[in-house]
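Across the two complexes that follow, chain A remains constant while its partner is chain B and subsequently chain C.
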Partner chain A sequence: MTEIVKRASAGTMESSDVYVEIEPAETGLTVELQSVVQKQFGASIEAVVQEVLQECGVEKARILIRDRGALDCVIRARVEAAVLRGKEG
Partner chain B sequence: MRRSLLFLPGNTPNILINGNCLGADAVIFDLEDAVAPDQKDAARILVRNTMKYLNFRGCEVIVRINSLDTAYWQADLDTIVPQKPNWIMLPKTAQASDVQTVDAYLTALEEKLGMETGTVRMMPLIETALGIENAFCIASASKRVGALFLGAEDLTADLRCKRTKGSHEIEYARGRMVVAARAAGVDVYDTPFTDVNDPEGMAEDAAYAKAMGFTGKAAISPRHVETINAVFSPTAEEVNYAYEVLEAIAQAKAQGRGAISLRGKMIDAPIVTRAQQTIAMAEELGMGKGGQA
Partner chain C sequence: MSKVVKSLKEAIRNAGLKDGMTVSFHHHLRNGDYVLNMVMDEIADLGIKDLTVNASSIFDVHAPILNHIENNVVTQILCNYMASGVGRAISTGIMEKPVQFRTHGGRPSDIALGRTPIDVAFIAVPAADNMGNASGKFGPSACGSLGYAVADAMFAKKVIVITDNLMPYPLPDWAISETYVDYVVTVDAIGDPKGIVSGTTKITRDPVGLVMASYAAQVIKHSGLLKDGFSFQTGAGGASLAAASFLKEIMLKEKIRGSFGLGGITGYMVEMLEAGCFEKLMDVQCFDLKAVESIRSNPNHIEINALQYASPAFKSAVVDSLDVVILGATEIDTDFNVNVHTDSNGYIMGGSGGHSDAAAGSKLCMIIAPMFRARLPIVRDRVHCVSTPGQDIDVLVTQGGIAVNPKNAELTERLKAAGLPILDIRALKEKTEAITGTPDPLRKGDRAVAQIVSRYGEPLDTIYNVVD
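On to the complex of A and B.
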């Protein structure tokens, strides 16, 4: 299991990017999503975020996502970078 | 065939994701100068994912890693090499041992990943006075080296001179790079033209680089790609002449003649070699006789 020990962020609010913030949580995963394409792709984006968190071994964290129309590969990269930064001592 | 090599900043998604449709023969994902030190980690993950999930077929992928005097280059390679980039560009390459250091690291990584040794090629970026003087040794330092790349901005800072549009200050470096690369049997790429609002200057600079013997030229803006591609492609007239040369040679051979002339000029071995190179490039570009695509 990967433990998130501090608040960390990755990405930007530029077009085609996504801003991801992660912070420690006592239990479970909470994903808060805001997206310019929330209605059309909100569920799909959240599924991608959950998948990356699972791949990274994160079981407890609160994640804030501000999406600016990012492709899945970008969302994956930004979530992974936020996890990497949040787990560092 | 690489005529145009387009730099794309490694931490900017809206540019990276469109890299494969900007017309360049190769894209250079930049993890070095275009990325702030506190974003190196995020950029290498983003570049890795761009390569992993997006289709760059028909467009070679070059990744400019960070230089050997930083703490980043090994992590860059660890993250990027599994995606099999065509080339790794090593900035500030100054001597053969720089190439050999990265070569050894790549070999170990390829072995660990089950990749054939030498899958990832190297394009040393030469941008210091020492690098220019060692250009042939750098080009010959490893079988991975398939091309040299001239970086004039850092070079002129190292030479303590101004970078000008006339580029007289880099004439020696350009000439030395071309000779060193050709002597080592590798390609050679010219530094980008940095004024995006001067298309005429851009075209002149590219034509000059081609005339000196460069294989192609880098671009920092997609607006330069079309011009570079046009300059480094053979013209219809060049293609026609190349076919005429080869036909004249074939006829002379059939008639048992040794010396031949075409359009009043002797056809000798270098002219035949150039004609063959022109036709090979034209065929790669889908240009037939008459230079039509």
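On to the complex of A and C.
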């Protein structure tokens, strides 16, 4: 398991990018998603974020996603970067 | 004799404006316009209600119109373009009667044919004399061409000219003749020059835009149309200007002398005129200061009105002699139908303008757009609404390849032979969705917020309210 010990962020609010913020939580995963393409890709973004968190072994965290129309590969990279910055060491 | 009256209120009273009538405006002052708001406030003050506003375009500077809608001063809007601020409010369904969208050519047709009669036209002009001869070329609010206002002047029952620059009679080089004008009103300012014209229009430096632009120029080069006498129209978007810049290089290198450039005119088209790419510019609207300066001083830069620009109701229009036009799109479907009215969430944020007219008239109509914007693919199974029918669109140029409408077998062969990356529009859609994913379909409301009327006056499509 990867423990999130501090608040960390990755990405920008530029068009086609995504801004990700992660912070420690007592229990479980909470993902708060806001996206300019919510109606078209909301479900798929949510699934990708969950997938990356699982791959990284994050089980407890609060994650904030401000998506400006990023592709899946960008979302993956930004979430992973936020996790790496938020974990111990 | 003088037609000058001392206030706007007096002019409105003299014109006999009453409940239920139609007033009209043009959009040459674009997002710098003071006059539409000024006039509607006076009308509201006079207690007149239930008006139809026929404006060639509605910009976000006109947002106060939303209050007049709420107070029933305005109960219907007819326009050719509506910017996103006002468009968003309209899209939520605030009006009983749907907005009617026309094209820059269809609007004057329908006015001339009596389909959309105007009771009182309010025409903002950067210069006028006391008998109502009016021009856009002179004065602190100079906007260049007044092309979109001419049908209003010719066919409205009463015509009020509003200016901040009263010049001695007779005004030279007028666009609107005194023969149509009832009253002249002077005001402190008709607009904010900063919003009327842009300082400069810039060519894109975005690599995706440059790839598209270079493909676009290659398509024109190999279309068989690029020879002496060539005619061309393009928009003011960064990628369209870049395409014009590549085209200019080709024309100068191959010593091709075109006959005319058409449309809303930018400084870039002026440079092409001055470099000898074209004999003439035919200008219905100036986009920037350089275009305004040129139309004032260069006799080969000719002011035309919207009737002559694009109207199908008359014996001919300039678009009928157009070889190539480059246009944009927010969406295009696999039948080549184009949407320029709504954004990808269904909110109104534009309109045809001259899109449909130039597409119908030109020999080669090219849409230039990126494969996707902020993850949303440009090619869809079905556009949210049809602004321009696919039968008038010939080619779609993206950075990921060029799709030719299957009706153009000969053009397809020419472009393939030139080594350009031609692919089926369905294949282009798949190629794009492999990168972006496939978007979930958008749910439409059940309330019509706008009707799209074709340039021929026929119903083309309906825009419904946006639901969450």
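Going forward, the second predicted complex is superposed on the first by the 87 of 89 C-alpha atoms of A that agree within 3 Å, B and C clash if a C-alpha of one lies under 4 Å from a C-alpha of the other, contacts with A are read in each partner's own complex, and residues count from 1 in each chain.
Everything below uses one rule, namely that contacts are C-beta pairs under 8 Å (C-beta built on N, C-alpha and C of every residue); 3 or more make two chains touch, one makes a residue touch a chain.
Note that the coordinates shown come from a computational prediction; the quantities given were computed from them, not determined experimentally.
Please indicate which partner A:A10 is in contact with in the superposed arrangement: first for chain B, second for chain C, both, or neither.
first
Applying the document's definition of touch, where does A:V37 land relative to chain B and chain C: first, second, both, or neither?
A:V37 contacts chain C only, not chain B.
Tell me the contact category for A:A81 with respect to chain B and chain C: first, second, both or neither.
Only chain B is touched by A:A81; chain C is not.
According to the stated criteria, A:E46 is in contact with first (chain B), second (chain C), both, or neither; which is it?
A:E46: touches no partner chain.
Counting contacts the way the document defines them, which residues of chain A are shared by the two interfaces, the one with chain B and the one with chain C?
Correct list for chain A: 15-16, 70-72.
Write out the stretch or stretches of chain A touching chain B in their complex.
Going by the criterion above, the answer is residues 10-11, 14-17, 70-74, 76-78, 80-81, 84-85.
For a test of understanding, state which residues of chain C touch chain A in their complex under the given definition.
344-345, 373-376, 435-437, 439-440, 442-443
Which residues, counting only chain A, touch chain C once they are in their complex?
Of all residues in chain A, those touching chain C are 15-16, 36-37, 39-44, 68-72.
Give the list of chain B residues in touch with chain A in this complex.
Counting only chain B, the residues touching chain A are 12-14, 17, 41-42, 45-46, 48-50, 52-54.
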